[in-house]
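As written, the chains take the letters A, B and C, and residue 1 is the first residue of each chain.
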Amino acid sequence: MKNSKLALTLLAVAVGLIGCGKEEPKKPVAEAAPPPPPSIEIKIGHVAPLTGNIAHLGKDNENGARLAIDEANEAKIKIDGKDAKFVLVAEDDQADPKVGTTVAQKLVDAKVAGVVGHLNSGTSIPASPIYNSAGIPVISGSATNPKLTEQGFKGQFRVVARDDQQGPAVASYLAATKKPRLVAIIDDATAYGEGLANEVEKSLKAANVKVLPREKGTDKTTDWKAILTKVKGKNADAVFYGGMDATGGPLIKQGRELGIKAVFSFGDGACTDEMPKLAGAAAEGLLCSQAGIPPQAADKKFLDAYKKKFNVDPIIYAPFTYDAANLLIEAMKKANSADPAKYLPELAKIDYKGATGKIAFDEKGDRKDAEITIFTMKEGKLVPVAIIKAGQTVPYEEFIKAAAPAPAAPAAEPAKEAPKAEEKK
Amino acid sequence: MRKDGRWVKAGIAMLAVALLLLPFALSYAGTAWVRIANYALLYVLLALGLNIVVGFAGLLDLGYIAFYAVGAYAYALLASPQFGLHLPFWVILPIGAGVAALFGVMLGAPTLKLRGDYLAIVTLGFGEIVRIFLNNLSQPVNITHGPQGIAGIDPVRIGGIDFSRSDSMLGIVVSGPMKYYYLLLALMLAIVVVNVRLQDSRIGRAWEAIREDEVAARAMGIDTTAMKLLAFAMGASFGGVAGGMFAAIQGFISPESFVLVESVMVVSMVVLGGMGNIAGVILGAVLLAFVPEILRWTVEPAQRALFGRTLVEPEVIRMLIFGLALVLVMLFRPAGLLPSAVRKRELTQDRAS
Amino acid sequence: MDIFVQQLVNGLTLGAVYAIVALGYTMVYGIIQLINFAHGEVVMIGAMVAFTVINALAAAGLPPLAVVLIGTGCAVPVCMLVGYAMERLAYRPLRNAPRLAPLITAIGVSIILQHLAMLVWSRNVLAFPQIIPLTTYGFLGAQITGVQLTIIGLCFAMMAGLALLVYRTRLGRAMRATAQNPQVARLMGVDVNRVIAATFVIGAALGAVAGVMVGTYYGVAQYTMGSTLGLKAFAAAVLGGIGNIPGAMAGGLVLGVVEALGAGYIGDLTDLCRYGLGPAGSCAGGGHFILFGSNYQDVFAFVVLILVLVFRPSGLLGERVGDRA
């Protein structure tokens, strides 16, 4: 009797499951183009968390890609003699690795020609083998973990600087301008925070700056006093924190309460407008870095178009996803095909002037000469002070001056012969 | 009775056919659905393992995900570039199960004397400790690669079949996720058989006796220490197997995947389905594993249509459903959706007294 | 030396926060032997309500103390209501059910409260307006802020108030009677249901005050803040001997100091290079080989909890209760 019940339940479950699968409506993510006969629909996927803690950043990313797609459609691009209609298939990975792989599979099922995303490294890395085995090129506009492009996947690119470029940049700026003797490095024990802190430590040590043994909190720590007191006891004259603003704010505030006079510096996670709200006056004078150029330094045309379309300013990465989507389209144009196998070689050797500057990829798929911006906090506002590119530090004003009157981009040298970007490791 | 038996056979046969054909039906809707089914199966494995501890032996374990983590890391360390080891899957899975069982005993041994609610807290702490260690064992010697996680984990390979690729056999395309589906299904069947056999065995009855009244059980000559440890070890080993499969399917693991919420989720599945009832637990796991997907396809579009944007995220609704399920089940149907016969008796009696 | 004193101050403040939250756990447990898992969420809701009020009044130009007091005044009744509803809906119907049942509902309630709070106050970390001026006092070479002093003072005051309530009032006597034996208490004319409800409500009020303090001290509040805090506070309550009011206090302070000193010193103490034991490669040139650093700060609480439960289940100050259930 009991067994029969069990069997029936299992049966019910199974039938339910099948039903689930079958009833599953094919979500009309994209209406088919009204067919003027020789037209071709090209789907481009975009993945970012649209729900959850950083949904606002996810939406920003999506907007960037969407703007690029809409502009491409207005431009009436012809590919292989047919009118190309680009369609953005936007998916939500909730910043969860498990959902990330499911969503990647969905895009593969939907036969997208290329993908812009994911936003986080934590979802990009597990998703990348799925795209790779389907042969679909992926360009992330915001995933900064070095591992992403170290897996040897041919179709994996990113247009933003890696943590091991950002770390050295902020470290060298710190070392050059503040000349600390002893630096304390703290992180929040997350992939992002620890990864960045490791890179900063490596570069500081290479520059012969002494570094204290690593201290760690968590991404939920609010009481930093024990760690900061220890740092104070060791007389560090600079502190670097790898982590987000929610923990970085209390950190700098408590540091000042304890009377620590050291310079506090942060990575891009704590390089936000939240810092003065979280730390009050204590945030004044902090140093922080952002991968890439600040949104306000992006191409004017892009900024205007973005503002016009979405009625907000881009937050952080929208210029990068905009460029990423454009790169896919540009490579398709060059190859005259939306077949990943055909346009991927074009993408790999592309040389493109985008909203975030000149873009070319190295053999791993990382952006050559990616920029890093250093900011400081002045009267509760983040002010860019310098841009670091290929190991070169340029004061921000000069960078803007150099970039502004440049409608004629510097003659694009063939990518193959371009000087190799500084090779890490 | 004979008639009953025939029905059972027919039911099982139909079920078997349905389960075998399921991935084809699902991949018709998209391979993504096969992946979702795989995650659901992983949760079924976990729920079945936790059911041994919570359902059979009555020991509330709020840190169960730790064993899942241990299994996953055992697999990842033995089959990835981390240490350059690439052992085959059939070697690692038993190792993972064994290591997880060892951790089960490590947790069980010091907590034998603890009463139900204290035990719950200690297991919760244990789960967190395991996660914090995994997160920090990158220093001073790099073992787990810390929060960066371990990437490039080998997929399962049996003979010449690589589970990360699709193959076509006799003109039928079998994708990677489909292969994992069948492997998980086989594992699940094995675990179900073990569970069913255990339940009606001497050991199962001993657990039941401990759950009902530990003092009386000991008086009846049951070695409660050994039995409790066995429950922890068995439950943990199933968690370890599930973790190993997770690592293989995912190809990348980091401590982020083994947080407290996951433990609570598995507990919810067991409680909702019916503690101690194998069919109920499977039902609970499948239901709750599919909830987010169902919400994603129903609630979200509905909200978009009604309000033009998503007001309440599916993820939040899912958590609210978990919470409500726990409360409502305990209030109105304490034995779960499919109560086990003994459990039902026990709970109603308890109330009356 | 001054660093050590500073660490003690840090630890005592942190411990005082734990202690106040622990009082809520210990009260409820003392009466009905229930771990009110959702108490941490009550603390969170207290902080959130206070945030809303303080944020709204920040620009009004009232003195900071008044603003914080108004915030507390709003948070306390809200939390009392939550505490009452919780007891009435989720725990009372299960009072005679097996032990696991209310524990599972408690987890459920905690999930529900957390996500409802998320819907109301968003996922973001909320920054309290910086209205309290920073006043620092020197104390044996250490820095102690006015807020820290207030927290430590309040903690003792609340403990004393609670002890007075339990040992000197009618309600307290009814509570103690209920704790000893609810059936007999009922026979003696104690309205057991009301007493238990009152316990929950008072516990929730304490939680609200704790929430406001945590929020204003650290300047941040988030819907997830309750779970970690609750867990640590529970560990503190167990450490001191659950059900015992001075015990919760002692447990909280000890745990806070253990955590602070642990984070401050254990890294240096477990640096194998100090003892000449570390591998030559990593120790060369003033290198380090640290086994456990501040990264294990959160482990300390759990290890203490497990050790206490295993070796002295009645805690530091509790008398042996045995299995009363």
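Here is the rule we go by: a residue touches a chain if its C-beta (ideal position, glycine included) is under 8 Å from a C-beta of that chain, and two chains touch if they have at least 3 such contacts.
Keep in mind that what you see is a predicted model, and the values were worked out from it rather than measured.
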Suppose you hop from chain B to any chain it touches, then on again the same way; how many hops at least until you reach chain C? 1
Tell me which of A-C and A-B has more C-beta pairs in contact. A-B
Distance from chain B to chain A - Cα centre to Cα centre, in angstrom: 34
Chain A and chain C, separation of their C-alpha mean positions in angstrom: 38
Where chain A touches two or more other chains, by residue: 52, 189, 214, 216
Chain C residues counted as touching two or more neighbouring chains: 288, 290, 293, 295, 298
At least two other chains touched by the same residue of chain B: list those residues. 135-136, 139
Chain B residues touching chain A - in the complex, by the definition given at the top: 4, 7-8, 11-12, 14-15, 18-19, 21-22, 25-26, 28-33, 35-37, 39, 135-136, 138-139, 146-149, 151-152, 164-165, 176-177, 250-252, 254, 256-257, 278-280, 282-283, 286, 290, 294, 297, 310, 313-315, 338, 341
Complex contact set, residues of chain C against chain A: 3, 6-7, 10-11, 13-14, 123-125, 127, 130, 134, 136, 143, 145, 214, 218-220, 222, 224-225, 228, 259-265, 267, 271, 286, 288, 290, 293-295, 297-298
Touching chain C in the complex, chain A uses residues 52-53, 189, 210, 213-218, 220, 222-223, 225-227, 229-230, 232-233, 245-246, 249-250, 253, 257-259, 274, 277-281
Using the touch definition up top, name the residues of chain C that touch chain B in the complex. 33-35, 90, 93-94, 96-105, 107-112, 114-116, 118-119, 227, 231, 234-235, 238, 272, 278, 282, 288-291, 293, 295-296, 298-299, 301-303, 305-306, 309-310, 313, 323, 325
What part of chain A is in contact with chain B in the complex they form? 1-11, 13-18, 20-22, 24-27, 50-52, 55, 94, 97-98, 101-103, 105-106, 108-110, 122, 125-126, 129, 133, 145, 147, 151, 189-191, 193-195, 214, 216
